[in-house]
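Shared between the two complexes below is chain A, which pairs with chain B and chain C, respectively.
Up next, the complex of A and B:
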């Protein structure tokens, strides 16, 4: 096994182990606050669990998946060994050290601050140092990706950057820029307080910096799914990619627009001007465009594949697709969840509509459906596709894999549709318990019971993932066909150089950040009206 | 080829710039006027859209001295002062306290609270509040007036190290374990233990029932007002008389098997009665 494959396998192995542990916590959280369980006598346990669940699934799991995908893509597109694998391993171990430091602090109850870094609530120093190490570890990965990309560009000056590599580079550049906000917040605002060097913290500035990271991080999580949509699904379905150029345009739009829009998380913050809230709402609307382009391109590619396989009719061609392949099935299920979740997202980002669902369970439902559903189901499919190539052991239980994907899909809908509904009914998020005997909450109770049962389905599905991966690695070694990426139908049409490189787009991303975030950040240096005494949870 | 880079990059950048200009025009010029129901001056519209209001600038609106409930602020400096309290020095100072609070921090009279094994931060805060006059008591203000910060920390350290009074193990009322969300009442146990220990909050288990009752009544009446953010005043104001006595009995009287816990059943009952 070459070094890049070993890196990918290690990253993904740890990622899925962490994932399974965090899903157990998630299912527990849903159960204990549902009417199926008496009120927790110790609410702190609930917040401790939310912190662990969110930190693992928000920072550790997707970061490891994207990093692993980066190495796997390098191994399959570069036609030569990975450069800088020493740095890559160093990054991995930093990430592991950070994860351990953060999870021990959380487990000891010294960092029950939820996974969003919103002061004045401040946890243990070791929690934040752990998160910093995770982020720094991922920066090592960005460096390795950049070095390999530049080397490839240097040695292949006239060639088209393979689309999978282009996608991974989009993720690396987006992450590099977007992780900066939370990193600045932790280093300059939170750590001085957590260390006890400072007594007050500028909560407004901290929230602003966190919003810098908070939205684009979701696109960083999302990009592996988009990379799979563009480069794997069409090929596995039996056809070409409808448009390589459209794929690049979508990736670039995500790079440019995903980050300078985070103030839509602060619509209820009084210190942020309404003009900037509106500006960010407009640009949040812009990220709908690459999503629609992706759905269009993907469906077009699938239709071509289906017709090549003999599919006919206006819609009957859908039946001709090889739904037995986990990647195709996952793509179909992912698109359904993306459509539902995306519609909900448009409500979240609308400056006026947001007020009706701000900080309700609707928001939790939205991001679980988009990320936990549409994106994570593609992580499973990627694992099923890459695992045999990385280990040399073919996937032993394809039918179990299909069952797992269906179970995840159904479970996620059963969890999140009720959350959307009770959110509209006014249920606040992040509560350790609800009073089900109160007439107002009583109407929500049946929905909450249903969603808790959905949590059980997700738990079973997550268990199946581990079983499938472990079983496959214990089977008989066999020749696995090498990974073949889909090529665009327009692969012979010359590509503008701007669509084959990132320079101008990075400049545009930074410029838009300055316009959209410059004043909202700078205002905190003029008006210090949001500085408050810190509230340390770890003593 | 070189020209095409510039064309694609440039046209995109111009498109984004146009979007920025349109969004700014709507968000900063048209919207503030539309929201106010009339066109304000250009300058005030811009300020409002940028989040600059009359309240911007001042770190916090100045409050009258009466509105500030306590001079104690839970900064790391305060915590370090309390942690550095010297129990031995405090023990010498505590001779004065023994008359009412007992030599071992457990007094004979129902009027005076037991101090033994209270968290040092809670003891320090009350001494400091008596010292600054934020908590009113003719007796305690007189004693605390002459104490220095260090002496208050020493006394707090001394009483914190004494063995705790016996606490009962009755069934806690619902108000203690889960509060009453419908009335916005947080669980007592969330700050006063065992669920959580809010810095500066006293331990209630084993405290004298009459004292707890008197303090809840004083908070409800607003005669005691040294609770930060009016937390205890807001809670006590919502409590019914029978709930106050049930809580006092649970915390103070639970030790005596003779007085059965009235909490669980009665608090849940009364809370259900008033729902509509």
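Up next, the complex of A and C:
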């Protein structure tokens, strides 16, 4: 096995193990706060669990998946070995060290601050240092990706950057810039008070810096799914990619617009003026466009594949697609969840309308549907597609894989649709328990019970993922056909240089950040007496 | 295979126009959504709390606007109704807020410690309460009724117990006279 493949396999192995642990916590949280369980005698255990669940699934799991995908794409698109694999391993071990440091602090109950931090609540320094190490480890990966990308460009000056590599580079550049916000928050605001060097912290500035990271991190999670949509699904369905050019336009739009819109998380915050809130609402509207373009390109590619397979009619062609292939099935289910979750997201981003659902379970439902549903189901499909190529063992149970994907889809809907409903009824998120004897809460109880049962379905599905991957590795080795990426129908049409490189787009991304975040951040340096004493939660 | 190649060629010829039509129509839908946001925001004055007003959260109890006697519902000489709320681990002061129905109301909220937030269920009242800043909202409760008001941002291990109530009473039942002298609430019951 070459080094890039070993890197990919190791990253994904750890990622799915961490994922399974975090899903157990998530299902437990849904169960104990539901009417199926009496009130927790120690509510702190609940918040400890939420912190572990969020930190693992927000920072550790998707970061490892994207890093692993980056190495796997390098192994299959560069026509030579990965450069800088020593750095890559160093990044991996930093990430592991950080994960251990953070999880031990959380497990001991010394950092029950939730993964969004929100000072002046302040946990153990080892929690924050752990998160910093995870992020710094991922920066090593960005460096390795950049080095390989530049070397490839240098040795292939006239060629089109393979689309999968272009997508991975989009993720690397976006993550490099967007992770900076939370990094600045931890290094300059939280750690000084966690260490006791400073007594006070400006909670408004901390939230502002966190919002810098908070939206684009979702696009970082999302990009592996888009890369699969563009480069794998069409090929596996039996057709070309509809438009290589439009795929690049969408990726670039995500790079430029995904980041300077984070203030839509702060619509209800008093420390941001209405002008900047509205500006970020407008830019959030703009970042919907690349997703709609992706949906168009993907569905058009699928239609061509279906017609090449003999599909007919206005919509009957859908039945001609090879739905037995996990990648095609996952793509279909992902699109359905993306549509539902995206519609909810448009409500969240709508400036004033946000007030009707802000910080309710509606929001929890929204991001679980988008990320836990539409994105994570594509992580499964990527694993099923790549695992045999990385290990040399073919997927032993494709029918079990299909059942797993269906179960995840159904479980995710059963979990998140009730959350949307009770959110509209006003149920706040992030509470260890609710008073079910209150008539208004009692009206929400049946929905909450249904949702907790959905958590059980997700738990079974997550268990199946591990069983499928482990079971495959215990089968017989066999020749697995090499990975073949979809090529655009327009592959022979010359590509403008701007769609084959990132320079100008990175400049635009940074410039937009300065415009959209410059004043809202800078104002804090002129406020007096806004900093408040830290509240140390470590016990 | 010949048919396949023909199909692909036909799709490729149609692609640029179809894509452009899709891109423009999607952009138009987004633009329409934004226009609706602008219209509703201005037409109904639906503004989130955005006053960017700072306050020293460590000195709230030492007097000034958010000292204990001022918390609750007050009526100023010009008749304006203002509700002042203090959020602290793990209760709102006052726990029971009383307001007149069908009356413009200004809500002003501050935190004495960490980040809190609240919504008044069944209404559009929803704000973060960030220490160091004053959250100001304008609203009007159309009908008399009882609303629950949970803290909706994690504020520590007692967060789940931090619920207040808003009691909206008919205008003629609201003690305007009393509230013009000192802040009132509905806690004594």
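Here is the rule we use: the second predicted complex is superposed on the first by the 536 of 539 C-alpha atoms of A that agree within 3 Å, B and C clash if a C-alpha of one lies under 4 Å from a C-alpha of the other, contacts with A are read in each partner's own complex, and residues count from 1 in each chain.
One rule holds in what follows: a residue touches a chain if its C-beta (ideal position, glycine included) is under 8 Å from a C-beta of that chain, and two chains touch if they have at least 3 such contacts.
Note that this is a predicted model, so its numbers are computed, not measured.
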Touching partner for A:359 - first (chain B), second (chain C), both, neither: second
Partner chain in contact with A:196 - chain B first, chain C second, else both or neither: first
Which of chain B and chain C A:286 touches, first, second, both or neither: both
Touched partner set for A:508, first chain B, second chain C, both or neither: first
Chain touching more of chain A, residue-wise (chain B, chain C): C
First, second, both or neither for A:519, with chain B first and chain C second: first
Which of chain B and chain C A:43 touches, first, second, both or neither: both
First, second, both or neither for A:118, with chain B first and chain C second: second
Partner chain in contact with A:528 - chain B first, chain C second, else both or neither: both
Partner chain in contact with A:437 - chain B first, chain C second, else both or neither: first
On chain A, positions contacted by chain B and by chain C: 43-44, 271-274, 277-278, 282, 286, 433-435, 438, 523, 527-529, 531, 533, 535
Sites on chain A touched by chain B in the complex: 39, 41-44, 196-197, 199-200, 256, 271-279, 282-283, 286, 433-435, 437-439, 496-499, 504-505, 508, 511-512, 515-516, 519-520, 523, 526-529, 531, 533-536, 539
Partner chain A, residues of chain B touching it in the complex: 1-2, 4-5, 7-9, 12-13, 16, 19-20, 22-24, 26-28, 31-32, 35, 46, 48-52, 55-60, 73-77, 79-80, 177-178, 180-182, 187, 189-190, 194-196, 199, 272, 275
Complex contacts: residues of chain A adjacent to chain C: 43-44, 47, 50, 112, 114, 118, 120-121, 202-204, 207, 240, 242-243, 246, 266-274, 277-278, 281-282, 285-286, 288-289, 292-293, 296-297, 300, 304, 307-308, 346, 350-356, 358-360, 425-426, 428-435, 438, 440, 489-490, 523, 527-533, 535, 537
Footprint of chain A on chain C - complex, ascending: 4, 7-8, 11-12, 15, 18-19, 22-23, 26-27, 30-31, 33-34, 37, 40-41, 44, 46-58, 89, 113-115, 117, 119, 121-122, 124-136, 148, 150-160, 163
